[in-house]
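Structures incoming, each one as structure tokens.
The following pair of complexes shares a single chain, subunit A, combined with subunit B in the former and subunit C in the latter.
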Partner chain A sequence: MNKKGDERVLSLYWFVMFVIISIGVVSGVYLFFSNQIDVRGAEASILGDRIVGCLVQNGILNEKLLEEMNSDNFEEKCRLILKDDSLEAYKDKSQFYIEVNADGKEFAVGDGSFKAFCGQEESKRNIPICVDKILIILNEDNEFKEFNILVAVRKVEQNAI
Partner chain B sequence: MLSKKGQIGQTMTWIFATIIVIVLTFLFIYVSGEIDKINFTSSDSLNRGDSKVVNQQMLFAILNKEFDGKSVSDMIKAKDKENVERNVKLILDDFSNKGINCSFYVNSLDVGIDGDGEGTPASIDVDDIEVSLWC
Partner chain C sequence: MNKKKGNILVGNVVYIVLVLAFFAILFIFIANKSSATSLVEERTAKQVALMIDSAEPGTRITLNLNSVLDKREEGREVDDVIIITDNFVRVQLSDKSFYVYSFFNNVKVSYKIEGGFLTLDIR
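The block that comes next holds the complex of A and B.
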């Protein structure tokens, strides 16, 4: 009889122990994985690199491609897909803004309203992040020309909320 | 009496075991919280837009720039240290006037032009001569 009593007390301890460990593991894992990682800066930088790679080969601006390029055919010419269907809200509204200024030619793709937020990333998290790339490259006449790319990525819901 | 001593001993063991488990659990939660605060992925250089690709394209541009029909890479291949130094300095001064500070280095020719360049260096080999640029 006494031994049976001991078993019951022990099983209660086991249960309490199990609950404590479970709460601990769940809390620890939740704390670790609940943090949002904001990768928009990296995403914008990689996108900027892809655009540089598209328009500049071996440090020389591809003027023929630049001449043919405009806001409508930019994705096709640079083999980029800027459409993001990962969230329902993203299907109707572009999450990118790209502004290219090369050798006097300028064009923009995406939602132009994001540009107003550039340079204000320190003040708020839930605004688009901008990356500005400035480089000096050669044109086909062996002259150095400035090449500017501004890339803004919104995707606030996936990175900053 | 003997039976009661055994019960007290066992209870003490369980109390200490429970305390250890609770301490370890809180330690686990605390460490998880501290690791969570460390920013592993967001890098300032990425957010500034610095990249090796940009430096690499600018390095290619410098190497392809021609002076009197001869490119900088031809001068490096010919190990013409004097012309490389003079012309690249002119190029980097031009870059600096446009707001981009770069440093240039040619390994085996012992050419080093420090233009206060920062960021990730881009390097390529011109006929086994390592050339680097960082802006």
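The block that comes next holds the complex of A and C.
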């Protein structure tokens, strides 16, 4: 009689254990797969490379292009489209911030408020991702110049929530 | 005595069957979740958008889409699975869901899906 009672307690114990395991596995899998694929780091890096490719030709800084360039004609000169209408929330707000500092000339494009989040990516996911590229390149007078690009990509709704 | 032994065996078999069923259900759940249509749409849209972003004009890119096309809803045309217009990549495998991701590279993109392969011509 006691043995039967023990078996019942054991069955109940197994049942409760299975339920706990199921809840754990299901919620773990659900949380893992409900996370979006975050490509902002790759996107910011590609954008940075594209800007370098735009301003540096055959390893030499195109000073004439750099001189002509400003935040208004930057997209046209570098063949970029920074407008993103893929979500309703993005229509009124730029999702990029680009800061170029080359050979003493500096200009910025996009939402400058993203810069404050740079370096904070470890603490939160729902903030813009920044990529900073520092290069030493030759100018037309064969002098080495520092070329600094900061690219921040927000797109939180499509990558981090 | 014999009857009692028989009962124990049946109990064990039922127990093993239940355990196997439990793990089978968990496995099916994980397999379904990991190959969910929405996940495939998101992954493909982002993959194609990043490929376009990194491509120089004059580049031709071929991408194997067989595993993506296998997930499409019955009756959905292959040409309707990926649509690239303006600076957007839209991937839709069923009537219930779709995913749109933008690319920043200002290039003309012509594309076709043939034999399970997506070919992108960047100009």
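Assorted remarks:
FYI, the second predicted complex is superposed on the first by the 128 of 161 C-alpha atoms of A that agree within 3 Å, B and C clash if a C-alpha of one lies under 4 Å from a C-alpha of the other, contacts with A are read in each partner's own complex, and residues count from 1 in each chain.
Keep this in mind: a residue touches a chain if its C-beta (ideal position, glycine included) is under 8 Å from a C-beta of that chain, and two chains touch if they have at least 3 such contacts.
All values reported here derive from a predicted model rather than from experimental measurement.
Counting residues of subunit A touched by each partner, subunit B versus subunit C, the larger count belongs to B.
Applying the stated contact rule after C-alpha superposition, one finds that A:Glu75 touches subunit C and leaves subunit B untouched. In the superposition on chain A, contact of A:Val29 is made with both subunit B and subunit C. In the superposition on chain A, contact of A:Gln158 is made with subunit C only, not with subunit B. Once chain A of one complex is fitted onto chain A of the other, the partner contacts of A:Phe96 are limited to subunit C, with no touch recorded for subunit B. Of the two partner chains, both subunit B and subunit C are touched by A:Ala42.
In the superposition on chain A, A:Asp84 makes contact with subunit C only, not with subunit B.
Overlap of the subunit B and subunit C interfaces on subunit A: residues 25, 29, 37, 39, 42, 49. Within the complex formed with subunit A, the subunit C residues making contact are 22, 26, 29-30, 33-34, 36, 39, 42-43, 46, 50, 53-54, 87-88, 100-107. Note for the complex: subunit B touches subunit A at residues 3, 7, 10, 14, 17-18, 21-22, 24-26, 28-29, 31-33, 35-36, 40-43, 46-49, 51, 53-54, 57-66, 91, 94-95, 98-100. Partner subunit C is touched in their complex by these residues of subunit A: 18, 22, 25-26, 29-30, 33, 36-37, 39, 42-43, 46-47, 49-50, 75, 79-87, 96, 158. Contacts from subunit A toward subunit B in the complex involve residues 2, 6, 10, 13, 16-17, 20-21, 23-25, 27-29, 31-32, 34-35, 37-39, 41-42, 44-45, 48-49, 52-53, 56, 58-60, 121, 129, 131-138, 142, 144, 146.
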